[in-house]
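Taking it in order: structure first as structure tokens, then the write-up.
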Amino acid sequence: MKYSTVLAGALLATTVMSQAFAQEAGNVTVVLGEEPDLVEPCMATRSNIGRIVLQNISETLTELDVRGDEGLKPRLAVSWEMTDASTWRFHLREGVKFSDGSDFDAQDVKHSFDRAQSDQISCEISRYYEGIDITPTVIDPHTIDFTTDPAQPILPLLLSLLTIVPSETPIEFTREPVGTGPYILSDWQPGRQITLERRDDYWGDAPEVQTAKYVFRSDPAVAAAMVSTGEADIAPTISAMDATTDMDVAYPNSETTYLRIDSSVAPLDDKRVREALNIGIDRDAFIGTILAEGTQVATAINVPTTLGWNPDVKAFPYDPERARELLDEAKADGVPVDREILLVGRTGNFPGATETFEAIQSMLNDAGFNIKLQMVEVAEHEQYYSKPYVDGRGPILVGAQHDNSRGDPVFSMFFKYDSEGRQSGIADQKVDDLIAQATAATGEEREALWSELFAYLHDDVIADVLLFHMVGHARVGSRVAFTPTIATNSQLQLSEIGFR
Amino acid sequence: MKSMLGKRAVSSFVSLLVLIVLVFFLSRLTGDPAALYLPIDASEAMRENFREINGLNDPVLVQFGHYLSDLVRLDFGDSLRKARPAIDVVLEAFVWTLWLALITMVLVTVAAIVVGALAAFNVGRGFDRVASVFSLIGASAPDFWVAIVGIVLFSVTLGWLPTSGTGTIWHWILPVAVLFIRPFGLILQIVRGSMINALGSAYVKTARAKGVKNRPIIFVHTLRNAMLPVITVIGDQAAALLNGAVVVETIFGFPGVGKLMIDSILQRDFNVILAAIMVTALAIFVMNIVIDIAYALLDPRIRT
Amino acid sequence: MGNHLLEVRDLSVRFHTAQGMVNAVNGISWHLDRGETLAILGESGSGKSVSASAIMNLIDTPPGEITAGQILFDGVDLLQAAPEMRRRTNGKRISMIFQDPLSHLNPVYPVGWQIAETALAHGWTKTAAYDRALSLMARVGIPDPQAALSKYPHEFSGGQRQRLMIAMALMLKPEILIADEPTTALDVTVQAEVLSLLEELKAETGMGLVLITHDLGVVADAADRAVVMEGGRIVEAGTPHDLYHSPKHPYTQKLLAAAPGKGVMRTAGKLAPPILEVHDLKKSYGAFEALRQVGFDLHAGETLAVVGESGSGKSTIARLVLRLEEATSGQVLWKGEDLLAKSPKEMAKLRRQLQMVFQDPTQSLNPHMTVFEIISEGWAIHRDILPKSQWRARVAELLEQVGLSAAHAMRAPHQFSGGQRQRIAIARALALEPEVIICDEAVSALDVSIQKQVIDLLGDLRDRLGIAFLFIAHDLPLVRDFADRILVMQKGEIVEQGTVHQIFDAAQHPYTQRLLYAGLDADPDVQAERRRKRRMLERA
Amino acid sequence: MNDTDIDVNAPVKTAPRTGRAGTMLRLLWADKLAFGAAVFVIVIVLCATIGPAVLADAASGTNLRLRNAAPFSMEHGPLYILGGDALGRPLLARIIVAAQNTMMIAAGAVVASLLIGGFLGLVAGYVGRMTGEVIMRLADVIMSFPSLLLAVIVLYMLQASIANLILVLAITRIPVYLRTTRAEVLEVRERMFVKAAQVMGASSRRIVFRHILPVILPTLLTIATLDFAFVMLAESALSFLGIGIQAPEITWGLMVSQGRQYLTSAWWLAFWPGLVIVLTTMSLNLLSSWMRIALNPTQRWRLEIGGKSNG
């Protein structure tokens, strides 16, 4: 082989490639970690679907402001009010058309809700309305009432998750979503890419992005590389290890990492042991090393922007000496502190997950625990994390992440802390009561009740080992202007992308 | 040949049936798809509903009966996740795998034969040693490692090739190159050994006594004989590629059947797993026939 | 120094081998003229083929190395010539054919192409080459040559393959044809035909013929002159007649003495009762009947020879009797009991009484076992023969009995020569103290002088131990001095049987006669007479 | 019959009697590359046997100050010569300690599949046609069973332990040995010395184990050494896909797979374990081609003449 030939070939490749990479103006390419199985509006709460669908193809009645502090903003509803203790009335925007040309009215909202609730398909959105009896009633084409039992003070927030589809949409999963949003799904080549095209008859302001192409790379390093080479413009979730260039932006991603304690099994049923677990971990040591700079030590399962987040709750200090003392005390009372405790982590849960759990294991063992670490795949993790728990199990800590960017703890508290909660490791009457009260309360009372609950869980029950509010990293190419937010995990509004 | 083909078809069919039974029942022992499909805080009622809709509540034997009766009507069932016929999902992905396997194997075969034959002709000399060492190093490096280094080097640093994905011909270079390395090293070794043997054959002496030139002796007289043991190995390697190149597909975002298979396995999307196994098994069956034909074409002794 | 067509002068060639440098030929000289047949006679290891390889530029260097000498062809030293010139000479002016044409023909190309290639390699057009190939194939006696063009080597019989090789070699009417053991693996009748063909073609084209052979009969039949080689040197040269009647060198004398069919025929004494009776033995493979209704008796202490050409079913008898294969029907009575009806377990017990010596000792001895392990294995199987403590002594005894030494016991088979290996195989058979030994072509693969030694050994054992032999061979002369009775087989049937005297002196069946006349005799005069008779028989 | 008509057998060579091991050692010394490979493999085996006992603590002690410490510096002690990993653990110590798991998995899987596959292959080749046919179909099924699915099933139903990983890898490799063994048996059983043993009345067991097995063993061992490498790579691929061995256990494959994330910022995390895999694989390859010659009594002379290149 002649060197000159190789060189010539390489040069040729360079020129051809740079042409191939070049993107047309108005187009963006987004590289996501996982291809959605469906582009189904009623599944938009699933992050891989939501990033594409939510507010791009399908819109909701209300929308939570994650960039400013406006709280809940109107989207397809222009306003809403409570007509009585159990009824919410929504006034709908007029002159809105679906991408199939039909007009948007109250009937569509009712159908969307019924469809999401239907037992013929497993829509993911419906889980947010579980345990509440909600009846939508069409008042006139642009007014709809929702009657709830019990009273649902945060119904407008819940409706920020309900994607609106036309009333003609059949009750089965669709691959051709129709919505009121500024974009339509123009092309889907499974496994390769999904393309959204801007539509002209959108009711609101036309966004800058004309065409958005989504591609999928499960390896974050590759995703990051694609933005560096100009093959893609935005990689919303890259690994912290790769976030080394000035194209990379860190953002709090609303994920909270914690160790769920199964406090029904000795020695974890002893509060001193749970406290020892908490003070046995040097949380600060992780930040800026294994975990990215900007990661916050958590004192609650929800991020600080959540309603009722309690600033008075202070993180546990790192004090391995004290941890050992606590264990000794417990031991003296006959608590089997030497028992091997299984720490279950999920591989690939977040960048550096394995290292994080390894470090935790090593810190806890230094503090006198006998921890065995086991990293498992998602299905097995689910077995440990969710009820029903296995009978005859040993003491188990489950390392997990929880994501609630919706602004209200109601989306977390029941599942994670109620005696009946699916991932709850505790059974505490006071906790159950507080959750019930707060869920039904409104306004400042609601906030106060949540605050009380946060403090009680952290300081009195010591329900779990709260670790970190995580940050995510996005790589944004030089062509586009985009700032990720706390909601970037679950949605990616193309209208928020500009060009430089 | 025909009766052999018939026998082969029957025995392959039996194997496939056993395989389907095994996969069907064993995979259902690996946990509840509802737990994976639905969000972790979904209620038991939702899960129950999901199982009901997808027929996961029936006794496994009943499920199997349904599956088989659908199967004889060529209905492979729907994907749990994608709400589409499983066979569509699989075929879509399989086309990519097929191309990837085909291109890779053609290149590997040509390259391994040329380099292997030349190495055999130059046994023990520089070319032979260099070829052996490089093929060995390449073949013993973990492929995901090679893939990432390849991307960092050729895409990010040098900017010659796209990092990943599909689209242009350039997108195929890195994945094919990574897939190329291991079978190349293996087949090269086989070609080399087989060629060394064949070059020592009596008919080579005859050819030399006839006054035939060196090149036809290597590439006409010897190579065709030396190819016989090589073909088996080529077949094995091609079969492995047809089963999907999980690692390469995962890294390069290549929509092949390997990635589909691992995703379906991790998500317990049973119908897709079964459809994928059947499609790849059929492909491998067809490929084995091609190999047999190639054998017969190369060696007249097998034809009779 | 006359102007010979081809002259080899003081050629020395050596090879790197496992045993270090081996001088394959040491300063040998010979020459060949037009229209002449020169035979190079020698046994394996004599270096008889080396000069031919040197002429054809077939010696790989390394491991070979031509250390001295000249090869003058038409006055030009080939060893000094450019490779391209030597390539042009090969096939065009000097051609060569080999022993074992099956492996020397490329299995994956049609023979037509392979024959034509000789001309194609020297610049002929395709049409011309194929025309010539076609006419030559007809000339060498290939039936339906047009169809044969596109057939493959495996579709021909052994004799036809050698004819194809000859056609290939004669494509360009070479001045010299070198034939390296051209008839060695062929049946005797085919061998005679091929030799006749070579003779005719030589007469037609006037080429010089170099015939490399180990067989005195071939020399007697075909050669004008002969050189005798031993250990890389030419020990004697002369006409076949001179060599036969007045050999000067001891080695030549030894060779002549070893030529079979010259000793005293045995006269059978009173026959002991039969120990093995074979009745109506039949074996078919699908539609093909390998053995049809064969029956014979073997008496204690006698030697029964079974002679036939390939495909006659002679080896099938051995395999059926020993249950290496199952017979289709028939009976094999061993001392009155039917062996074919025995269960595998019972058979295993009886096996020690019937042993076998195979054709190729290289293959019949496990290369992974030492001689000791090989010989003593029978005792490990049949525990009652000998207590383990005596194995060593008995192995030594057996080795000495077959002409080896006790020191050989710990070596591996590959460290022995072919004749020595066959002795080991015989010792293995003897170890079980059998009453019958079946020898399936047990000496066919050996050099003539070794053949003689092994047969003498077997005869000696027979006389001393009273073992009966079923001796299977393809060659009548070989069994002449050894057997008591002979069965002649053709196509799965016994065509004639009788005492040695009956067969050799008064053969009745035409096939037996053909076999007798096709056999080559070392005496050129006898051989000339045989050839005449053979021709007559052919014409009849 | 032989090419040049020299009787290489004529002089019976008297080899110095140094015993089997001695002969092997001499043959190994004759092939310098193979000798180097053998030394490397011995070092790895030593690491695997005594490494964990000596270095287990060093290998698992996290030290975030030395996170991703650069290689080629003795500043933090000799164990850090290859650098530190993401938790500041010395890479050298980890590689040495990981040798045990890696070797155990590879050796376990190879030995298990060799034994099971070889045995089934002997049965399939020597016993009746029906049994053979059933066994071969079984091999087909295993071959087409996706190994990842098998891994998920086994590791899910049992537990993600080293023993179970060995089980998974062994099952997937069984067909290789099974098919090879059977094919070889079918050929070898027709050889004359097998017939000769039959004539002597040898039992099937004796024929299979005394006569057939020694002939095919070199082939099987050659495959086994190559498979050793293959299994190491397969194990690392499983780790990459998140199914195989998981932390805090360590194997070389897992180390490469974890270090992959740091490829752009700290290449040494993935490079060193990768290099060890490559070197081990290569060594085994070299050893296997040496062994193929050394175990064959009729080929051994190639080594005995020493230095000469052989085909």
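Annotations
Chains here go by letter, A, B, C and D, matching the order in which they are written, and residues are numbered from 1 within each.
Definition applied: contacts are C-beta pairs under 8 Å (C-beta built on N, C-alpha and C of every residue); 3 or more make two chains touch, one makes a residue touch a chain.
All of these numbers come straight from a predicted model, not from anything done at the bench.
Shared contact partners of chain B and chain D are A, C.
Across the two candidate interfaces, C-D and B-C, the one carrying more C-beta contacts is C-D. Of all chains, the one whose CA centroid is most distant from that of chain A is C. With centres taken as mean Cα positions, chain D sits 45 Å from chain A.
One finds 50 Å separating the Cα centroids of chain B and chain C. Separating the centre of chain A from that of chain C, both taken as means of CA atoms, is a distance of 86 Å.
Counting partner chains per residue, chain C has residues 100 touching two or more of them.
Within chain A, the positions touching two or more other chains are listed as 221, 377, 379-380. Shared contact sites, meaning residues of chain B that touch two or more other chains, fall at 30-31, 148, 152, 205, 250, 266.
Chains touching one another, given as pairs, are A-B, A-D, B-C, B-D, C-D.
The touching residues of chain B, counted against chain D in their complex, run 11-12, 14-16, 18-19, 22-23, 26-27, 29-31, 120, 123-124, 136-137, 139-145, 148-149, 152, 193, 196-197, 205, 239, 243, 246-247, 250, 261-262, 265-266, 273, 276-277, 280-281, 284.
Against chain A, in their complex, chain D makes its touches with residues 60-62, 64, 67, 86-87, 152, 156, 160, 242-243, 246-248, 258, 260-265. Residue ranges of chain A in contact with chain D, taken from their complex: 220-221, 239, 241-242, 244, 285-286, 289-290, 347-348, 351-352, 354-355, 357-359, 361-363, 373-377, 379-380. Across the complex, chain B is touched by residues 3, 133, 137, 140-141, 143-146, 148-149, 152-153, 156-157, 229, 233, 236-237, 240-241, 253, 256-257, 260, 263-264, 270, 274, 277-278, 280-282, 285, 309-311 of chain D. Per the touch definition, chain A reaches chain B in the complex via residues 10, 13-14, 16-18, 20-21, 37-38, 40, 45-46, 119-122, 124, 126-127, 130-131, 172-173, 175, 189-193, 215-219, 221-222, 225-226, 228-229, 231, 377-380, 382-383, 385-386, 415, 422-423.
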